[in-house]
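First chain written, first letter: the chains are A, B, C, D, E and F, and each begins at residue 1.
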Amino acid sequence: MPITTPASRAQSSNQDPIWQLICEETRRDAQGEPILASFLHATILNHDTLEAALSFHLANKLHSSTASALLLREVIEEAFQNDPQIGQAIRADLQAVSERDSACQQLSTPFLFYSGFLALQSYRVAHWLWQHGRHSLALYLQNRISMEFAVDIHPAARIGQGILLDHAIGIVIGETAVVGNNVSILQGVTLGGTGKESGDRHPKVGDYVLLSAGAKVLGNIRIGDCAKVGAGSVVLKAVPAHCTVAGVPAEIVGECCNQPALEMDHNLSSKPSN
Amino acid sequence: MPITTPASRAQSSNQDPIWQLICEETRRDAQGEPILASFLHATILNHDTLEAALSFHLANKLHSSTASALLLREVIEEAFQNDPQIGQAIRADLQAVSERDSACQQLSTPFLFYSGFLALQSYRVAHWLWQHGRHSLALYLQNRISMEFAVDIHPAARIGQGILLDHAIGIVIGETAVVGNNVSILQGVTLGGTGKESGDRHPKVGDYVLLSAGAKVLGNIRIGDCAKVGAGSVVLKAVPAHCTVAGVPAEIVGECCNQPALEMDHNLSSKPSN
Amino acid sequence: MPITTPASRAQSSNQDPIWQLICEETRRDAQGEPILASFLHATILNHDTLEAALSFHLANKLHSSTASALLLREVIEEAFQNDPQIGQAIRADLQAVSERDSACQQLSTPFLFYSGFLALQSYRVAHWLWQHGRHSLALYLQNRISMEFAVDIHPAARIGQGILLDHAIGIVIGETAVVGNNVSILQGVTLGGTGKESGDRHPKVGDYVLLSAGAKVLGNIRIGDCAKVGAGSVVLKAVPAHCTVAGVPAEIVGECCNQPALEMDHNLSSKPSN
Amino acid sequence: MPITTPASRAQSSNQDPIWQLICEETRRDAQGEPILASFLHATILNHDTLEAALSFHLANKLHSSTASALLLREVIEEAFQNDPQIGQAIRADLQAVSERDSACQQLSTPFLFYSGFLALQSYRVAHWLWQHGRHSLALYLQNRISMEFAVDIHPAARIGQGILLDHAIGIVIGETAVVGNNVSILQGVTLGGTGKESGDRHPKVGDYVLLSAGAKVLGNIRIGDCAKVGAGSVVLKAVPAHCTVAGVPAEIVGECCNQPALEMDHNLSSKPSN
Amino acid sequence: MPITTPASRAQSSNQDPIWQLICEETRRDAQGEPILASFLHATILNHDTLEAALSFHLANKLHSSTASALLLREVIEEAFQNDPQIGQAIRADLQAVSERDSACQQLSTPFLFYSGFLALQSYRVAHWLWQHGRHSLALYLQNRISMEFAVDIHPAARIGQGILLDHAIGIVIGETAVVGNNVSILQGVTLGGTGKESGDRHPKVGDYVLLSAGAKVLGNIRIGDCAKVGAGSVVLKAVPAHCTVAGVPAEIVGECCNQPALEMDHNLSSKPSN
Amino acid sequence: MPITTPASRAQSSNQDPIWQLICEETRRDAQGEPILASFLHATILNHDTLEAALSFHLANKLHSSTASALLLREVIEEAFQNDPQIGQAIRADLQAVSERDSACQQLSTPFLFYSGFLALQSYRVAHWLWQHGRHSLALYLQNRISMEFAVDIHPAARIGQGILLDHAIGIVIGETAVVGNNVSILQGVTLGGTGKESGDRHPKVGDYVLLSAGAKVLGNIRIGDCAKVGAGSVVLKAVPAHCTVAGVPAEIVGECCNQPALEMDHNLSSKPSN
């Protein structure tokens, strides 16, 4: 809820160190760039909680003549309030970006500016709507996410926490796909179906998996925990845990470090090339 | 023309079973999701014909400060009215999505929400403008399609009917490309030229071809009827009919089922993997 | 500065043959397509210089509720005025598109309508802001470029002149990447980092390089002058000058013509296929 | 209907001299002021009939986030098509402005730019909706007219043809008011009710009446044909035909010229003052 | 707060009969006019309380490129939440319109569509900001109210409850004006200052006063309880309670009914004219 | 010109004490109300000169889908640059508001928020266009001013400097009207024509005249220097210098103080009433 007394405002951000840090960073930035000061105040500093700020920000990104920002914000707030796991996921995703993307110097940067983070949180709202039978509105959101962020995630897909969608353009995740926790997915990755029959037909991706840029994983196949899929690879059969696969079609080319999603090493062997 | 008496309204949709079905689906959805009710009425239920509804919907998607929705709608209606083949193509494309995309439960869903379907119909209008010498306006539309749907189709390209642009983000189709009927093209596919000379320099794609996610087909080469191009493949030479090609660069890896565009099986052999 | 007397107006365009040519083309188009006449006058014919026109046009593309078109135009003008090299680069880029893209018949077409050209010039403004320590505003622009053009270029990346971003959708260029002069980059190309450590971790691309559609170049590796990277290839190690590489992962497959970026021949051998 | 062949286009304007004249004037203006050329083409020259152009123009003025321009245009076209008297009234009103407003040099000027003319035609659409029981939409339009033009006309009021609303700001016309033909009403005029009972409680204004600036006529009283109400007057009782009334409260001060609405002489005696 | 469970939703409207009635009326209207259904759901039916709905509605009316609807809604909610008297005033004002405006058939009509009601509630927010020292934002709101509703109320003015601003266009209320409870003010009324010195210089209007259309009351003078000021009158000296004044300048012309603001009889004597 | 070095920026505002003062006030306000900080920076603090800031601000107020803010700003700048007298008039008008409106505490308040000041400066641009034969664009601006500010000034009217349009709603000034210097005009005032013949038919108002709220001055009559027209009066014959007139129709009721426009005393005798 956007309205609180100054006392409660201080208190609530004290209890949420991620939100506290975002506010501190933003306060500095607002002083340094007055052109963006009101944007930063309106989007972050005016709010007590990360959820209030994010509902404000996403509504501003996703609204259209079909659904106003005011209306979308109410829908987003409804999802955040009814499913507290979304709040946990948002924070885990923010930390994932911060830890794995070397270009990201501040927690507030993905929150404000990264299409991947914003598309993912928008999907979380669409997924909540889908779960509650509001398919039309979920499909409307899927279309808005696709048009604004060039990311197409079916609202029925199931995606864990601590997810990095890096650069994000062109990522496609199908209806029956499942993605575990702490996975990194780069631009141009497809988790696609195969065949025209309905039913379970998309990949099942384990924890700590790294899907490098442009990789296509097609069909109801399992990508084991801590696997790495090389850039540009096309995966048509299951990948065991801790394996690295590459090529078109992809073959096993080696073993992985412990948690490739966190290492973000896109080389195909343990020795860095070049 | 948007205005008719109730009698003619009933009649016209009776004669167009696709439009009749879309209206029935939409009536249910409008009752179930009041937040979208006016959007559904304004976009679908207010109209007598599929063409009237689609001109309304596309104008809303493509307008900008350069060309208002009202103005674009007149241009789109002019194209629809002067070239009745566009109307046939729209219906064939809708059926293609419905039959080949397992996630698509209703005909109204691609009509309302799928970037691939909407980008393709927008291209059909741009193509009509190009054929009639209105190159500036056609290029303006190409730019709007690119910015809204992340799909870049040159208005001079020739594309048949019964086309599925699945997920659509990143699809690029060049100036002298030709695409047959009943073709399925997935996200990230390029039908590109090679060389800087002008003239006929883009692929010629036959009927029932399946171009899987991320495939690049480059140069004035023929992809034979019922061929399949595997995901992530790079095709630099002609592909015979009924062949499956894959790899970077692509080689023949097998034969195809009868109509790969309809089967949507992205595996490279007849036996499903996994 | 947008205001001049008619005398100075004539003079200034006389001294800039590129701008003079764009104005002549546009005058013809405005007569042929009255629906676009005011757009063409407002965007091109009202202005004395290419810079004035481009600041007008980019501001119209990039504005949002966060930063108005009027405000953005001032920022863009500030960059153009303080760094005259941007003006040189704009002209070199325009000529690059004109010479290498066979579908491009007029200089005014990329200026008005090509996402790749417009995204690149927007990046040049963001880069100037980044160089002057205005990181927040530069990141805001990066996000706007990503959302409008589906192109993600970090404002810290260094990019030369005479660059063609062809079709552009899905191009990603990382923070420490360096791109030389007269390079051609096609849709879906990534110049990405590898590893999660900060520091110099992105590719260094020489002059006259051709990066074909969907190629991924990952890590702090050098792509030598006049090298060609085949479509869909994944490059994980350095490429010597004048070499052609292809495959996933990419290997050397041949030598190159003199300046592959200018030839735009995407075949992998000297003999055209098919 | 906006779409016709060039042949029918020429024919239709030939049969409507008012529309023909507006098009001729506009063609000249579009050449003289290229900044407005596209606006003039889109609003006037693109259309075959005055009704098509006006529905385009009013939709552009009245749309809001609640009802899009596309949707409003359909409503306006429905009214125009179902009640041909509106078309007659529009033409009579245009001629009234042209003949009585000395500052108006062209028929196209009030059509494009005069709030009074545009508010009046918008009311005619709201009135048609009200007559057909669509009270909510009529009240929505009344609100839009009030917010855009600062004119408040209840959609149930009945207003004749050949009406000039000069300058228009602050004109208020109540629910049961009736206004005859060929009446001139200036800025700030109220035709108001008195008492809080419902029922017939607003003025009945005859033909050729002149209501000067700021006049208030209150209650179910008759203003006879060819009467003149002086500026700033407050009329609380009936006014006989051909009389001039003035003052607060208004008293008879003289007789009138034949048709004061056409003469637009705001003096209170037959001799001009000064 | 917009988010509640269905149970609390039912409960809250049960406890507020005005809100309950508005919702019932709106439910009927939404069924009868599907074009407005989403607007009615978004503005009224989606909300639990009158305050939540009104903050939504006013934010939609008052936003501009300077302050977004989302931001304004937070400001409006802050005012409503911190000053519960505003909620009382809103309800008393709604009832005032309903009881005194014969054209108003439903409580939801002024809530949705009447400029006077909406301008007045917007002023209440601006007044709350002014009282809390946020003068810049209060003046910004005053400007927005003036531009949207053609009503100019200084945020420092003090205005009671049960107020009807009928038609509202042109109403001006100055900085030190005070208006009592249950007052009716018609279009074009000025409560103005006189002299250029600062300090207390505007009228003090008692309870149950009726200020008819176009009346100007100037200077720090008292208008006694239950007084009536005739339309078009100019009041330059105090008016005793229960008196009717009229004319330019205004003189006492009679006594009043008990509560002229409620009777809305604009005649100057007890006998109706005509 | 919006771009200068910090040195020139300081210098230019030093030479313009009015602009210097506005900037100082705004700096304080931006610190006190962060929600408006970016608006205040973008509108005032980013600019070196009052003219640059005002062209930015007016363009934001007057733009529409017909003419973008960017385009309008160029037109406004062209007027300001070619006619330096506009700059003088702006400053004289600002001082007039500041000295005569007791509610106005800061010079920046009318600049940012007062419809009368903004409508008047917009008229000055329209007048410059009219003088240079650009009648279509001038009439377009007149319409925009009328729709945004509820003020209707014909662009051919001639208006001096040091003008206060107080509250401004409903002010109408006709085609051949002339207004001297240092005049105060309140809301609802009409300077109207009489008769339907073209030619010189509107009032000529001398210097230091006060036209009180709702006054109507009709016909080609002279209002002498230092005259006062009482609120709600209707003036149909010439008014000698230094006279006070009042009533409907207006008669001479007394002499005036020296400069009634500056005194702003709306009483009709030298003794204050009450």
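By our rule, contacts are C-beta pairs under 8 Å (C-beta built on N, C-alpha and C of every residue); 3 or more make two chains touch, one makes a residue touch a chain.
Since we're looking at a predicted model, the values are computed, not measured.
Listed by label, the chains that touch chain B and also chain F are A, C, D, E. Chain B and chain E have Cα centroids separated by 53 Å. Here the CA centre of chain A is 28 Å from the CA centre of chain C. Shown for chain E are the residues that touch two or more other chains, namely 35-36, 39, 42, 46, 60, 65, 68, 71, 150, 169-170, 188, 214, 232-233, 248.
Taken as a contact graph, the chains are fully connected, with every chain touching every other chain. Chain contact summary for the complex, chain A toward chain B: residues 65-67, 71, 75, 134, 136-137, 139-140, 142-143, 146-147, 150-152, 154, 156, 169-170, 172, 174-175, 188, 190, 192-199, 201, 214, 216, 218-222, 232-234, 236-238, 248-249.
Of all the residues in chain B, the ones that touch chain A in their complex are 29, 32-33, 35-36, 39, 60, 99-103, 109, 112-115, 148-150, 167-170, 186-188, 212-214, 230-233, 246-248, 262-268, 272-274. Chain F contributes residues 65, 68 to its touches with chain B in the complex. Touching chain B in their complex are the following residues of chain D: 1-3, 42, 46, 56, 59-60, 68-71, 73-74, 77-78, 81. Against chain B, the residues of chain E that register as touching in their complex are 30, 34-39, 41-42, 45-46.
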